[in-house]
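Note that the chains are named A, B, C and D in the order they appear, and that numbering of residues resets to 1 at the start of each chain.
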Amino acid sequence: MKVLFMGDVVGRPGLQAVRALLPRLKATHGVDVTIANAENSDQGAGISPETADTLLAAGVDLLTSGNHFWSKKAIIPWVTAHPDKLLRPANYPKDTPGRGHGVVTLKDGRALGVINLEGRVFMRAHDNPFEVVQGLVEELRARTPCILVDMHCEASSEKNAMGAHLDGRVSVVVGTHTHVQTADERILPGGTAFITDVGMCGPLDSVIGMKKEQSLARFLGQKNAPYEVAERLVYLQGVVVDIDDASGRGKSIERVRVHLPGT
Amino acid sequence: MKVLFMGDVVGRPGLQAVRALLPRLKATHGVDVTIANAENSDQGAGISPETADTLLAAGVDLLTSGNHFWSKKAIIPWVTAHPDKLLRPANYPKDTPGRGHGVVTLKDGRALGVINLEGRVFMRAHDNPFEVVQGLVEELRARTPCILVDMHCEASSEKNAMGAHLDGRVSVVVGTHTHVQTADERILPGGTAFITDVGMCGPLDSVIGMKKEQSLARFLGQKNAPYEVAERLVYLQGVVVDIDDASGRGKSIERVRVHLPGT
Amino acid sequence: MKVLFMGDVVGRPGLQAVRALLPRLKATHGVDVTIANAENSDQGAGISPETADTLLAAGVDLLTSGNHFWSKKAIIPWVTAHPDKLLRPANYPKDTPGRGHGVVTLKDGRALGVINLEGRVFMRAHDNPFEVVQGLVEELRARTPCILVDMHCEASSEKNAMGAHLDGRVSVVVGTHTHVQTADERILPGGTAFITDVGMCGPLDSVIGMKKEQSLARFLGQKNAPYEVAERLVYLQGVVVDIDDASGRGKSIERVRVHLPGT
Amino acid sequence: MKVLFMGDVVGRPGLQAVRALLPRLKATHGVDVTIANAENSDQGAGISPETADTLLAAGVDLLTSGNHFWSKKAIIPWVTAHPDKLLRPANYPKDTPGRGHGVVTLKDGRALGVINLEGRVFMRAHDNPFEVVQGLVEELRARTPCILVDMHCEASSEKNAMGAHLDGRVSVVVGTHTHVQTADERILPGGTAFITDVGMCGPLDSVIGMKKEQSLARFLGQKNAPYEVAERLVYLQGVVVDIDDASGRGKSIERVRVHLPGT
């Protein structure tokens, strides 16, 4: 099974990149399942029903998220109504709307389990993702050997530790949240495909997607400077992973980085 | 001028990689100046006089550092005696031993100014690197148009903001500290070569250089588990930057990632 | 000189307490100068021109603030127009609107210098308050030996270190920000009056001024639960410090804690 | 039942204060149960078998701890052998040595349940104390209606939220960790005795127990300055709580603050 996972979709430019570039990308790589982290799709912070619908209409099968899951309130009733379309980190409190794991089923019956987690280093306190994930992996393995984990977090140590933790137990561990693609994609010794961060879908001529001058103004001291999505050099970024359907092992992982013409 | 910058050298494996691989790397790329971030060279945390001497003897011209500058006390008298051989972040308090910027002069008289900075997001509070760097750039530009900045920090936003801040004013901004190489090397619009993180020199079969099982034990709750440098899959990682001597503009930036045979 | 310093004024209940209780408190203690930290006066987060005016009209001579200085944008033009009426932390970036120190002059010519600082432990990165304060103390001592410092910060260590730092150089160091009054008021060995935190002016039947149920919902996981000012058990909290006019030494420091009847 | 709870015992001075002052304090107040937080008893950071034994020999019935529980490795086998004598936060990972709750039984058969928790704001990530505590309270209530909770944490908001959370369900919630006694002791509306922080047992002429000059050196930039326990103005600090044996409600809470003569 070929899975395309796209990193944090940032605002309108990110949505445009997915809409414009996804069909051909799927065809080129023979993609069976498409997943995207949508946490920044609404103006750079949060998800709206509209941005979620746009991504699904563009051909994404399942959305994941992260610390910005909560940023726009309108998504709460939406995710409650569509818990199988948008995941939030599984290690959030039990009462949190939405679910932290799900299954995408292909027309031919094959299935990909997906788990969304959030790290705790330099982030808000939640349940231990290293513990929470164990039960979820077991639960999903009863359905399918093919499992993808989106580990949304800041620290490179925590992402790499999750890769080591799940190596041989899941098919893929991808990192999201830093918005910068790393060059360390590889198959870990136990057979799990891994990358520290897949990078964002958004404008590269920016500070992690936001306007450079505004971000700089904040670092220079204007803590309440505006903070808006940038527009130039828009890229779709992610990885294509080939998973062995029988064993669930990662066979290959390839970085994707495609420019949106005209930006 | 061709500059080779190598990221955080981690323990004995990192030192071995530099010693074994540097000569050929310099020859292959025609390197004029070699710089390495040494902050993890002594057993993964800090710098000792021995590890500093080893790197210099291996052909490194100047060492930079970061938050682990302080980790081993023996380096303090050494850096006081050799302030032109090891930099610490320039935005540390005024009384801090050592210096935050320096100049490497080639035999033919060309010179590269080097500035070491530390970020503040998710790190200890120090002076604002975005302010401190301005005076240092001016000071160095009086000597040479060729300037490299090692921005040692955690957050991808802060590194990219520093790139935007200095674009057109320095030749290169490289990020260090996360130990994972990013795939975003490029020449910024103003002519500054940039990469979010050059990656470490150390064992990739690890959690950012440390033994996987020990790191995992900590994430699973054993906060006082041992924490030692790993040994397998050692790589030298960094970038080679070509700088226009006259203008100081970055002409190209290329990622380097070389395996140490036998690991 | 007798100085009344009141801690973080929280929302409408805090404003009501100051308005209703201040006149009698001033009379009872023979207060010469009145200062209040206003950072939470507008609905619990930030300062508006209206809340600033209300406090000044109620008889406060000078307002201080802290990390919530920025929370409401309307205060920026106001503080620019009235830099002698509202201070913000002196260790903020140079371009920040407003000033970090000022002088309150009594009708009889005596003067109290006031410095507002913000800590850096568990707070945003700014210039080192321990360094910044030194020049300001010197500047103010040229005007008057009587100086009060509002050290707005989270960590008890940082507040107590500031007390030790300035002991014998200023008249009073008061802490603000935790909203809970501490029981450690005392004259330090060098003659400086000190308290770790003066406490808030606001409703005690709350979580640091906010509605208990809403705060609890957040700790239980609803990160976007509403967060509104509580209403019951409103107290005015602060300290009255007696300063020796000639030497500037603190002679006594007394905690104040007065209930607003009907709450 | 009268319970004496003493805050973070800091090094040798703290131990001396407990040894010298505890017998009389117990007699004066008619104390039935004595508890002390021992996390700083070994040279200011951590607990050793010796400091634990010293406190127990001095008449303390049960020790609690906090983030410094891990600081000295020798305590791990000791706590494994004496799980009923030293608690660590109950919301630590499951495999952590020691236990997070216990029961002190009086000779007359009455019993006090004790729960130790650690907060998560500005502290390491652990399980949610607001969730973990619920099951423990139920478990202990099957044994006794008298329950004390030591909420070890940094943020005043988190401590006050825990008070609100448990109000009416336990007898006492005391805060520890900041080392500064707060002046807000009271019976909450539901009948739970509460104080934000009981303060340390240690030298007040210090920065939260440590030498002033050393702490200041660190705030001024010498991040690796020594850090030793101070010696002057040693106080025993804590609270005496009177609990109604039948209902488990807090009847009164009184702050204790006793000077150790000769310091």
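Keep this in mind: a residue touches a chain if its C-beta (ideal position, glycine included) is under 8 Å from a C-beta of that chain, and two chains touch if they have at least 3 such contacts.
Just so you know, these numbers come straight off a predicted model, no measurement behind them.
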Margin query: Using the touch definition from the top, what's the fewest steps needed to get from chain A to chain C?
Written below: 1
Checklist line | Between A-D and A-B, the pair joined by more C-beta contacts | finding: A-B
Note to self: With centres defined as the mean C-alpha position, give me the chain A-chain D separation in Å.
What the structure shows: 43
Margin query: Roughly how far is chain A from chain B, centre to centre by C-alpha average, rounded to an integer in Å?
Written below: 30
Checklist line | Junction residues of chain C - those touching two or more other chains | finding: 93-94, 128, 131, 220-221
Item checked: chain B to chain D touching residues, read off their complex -> 70, 73, 92-96, 124, 220-224
Check: Which bits of chain C are touching chain B when the two form their complex?
Finding: 93-94, 120-121, 125-128, 131
Notebook entry, point to check: What residues on chain D touch chain C, complex-wise?
Noted result: 122, 128, 130-131, 154-158, 160-162, 164-165, 178-184, 186, 189, 196-197, 199, 204-208, 212-213, 215-216, 219-221, 255, 257
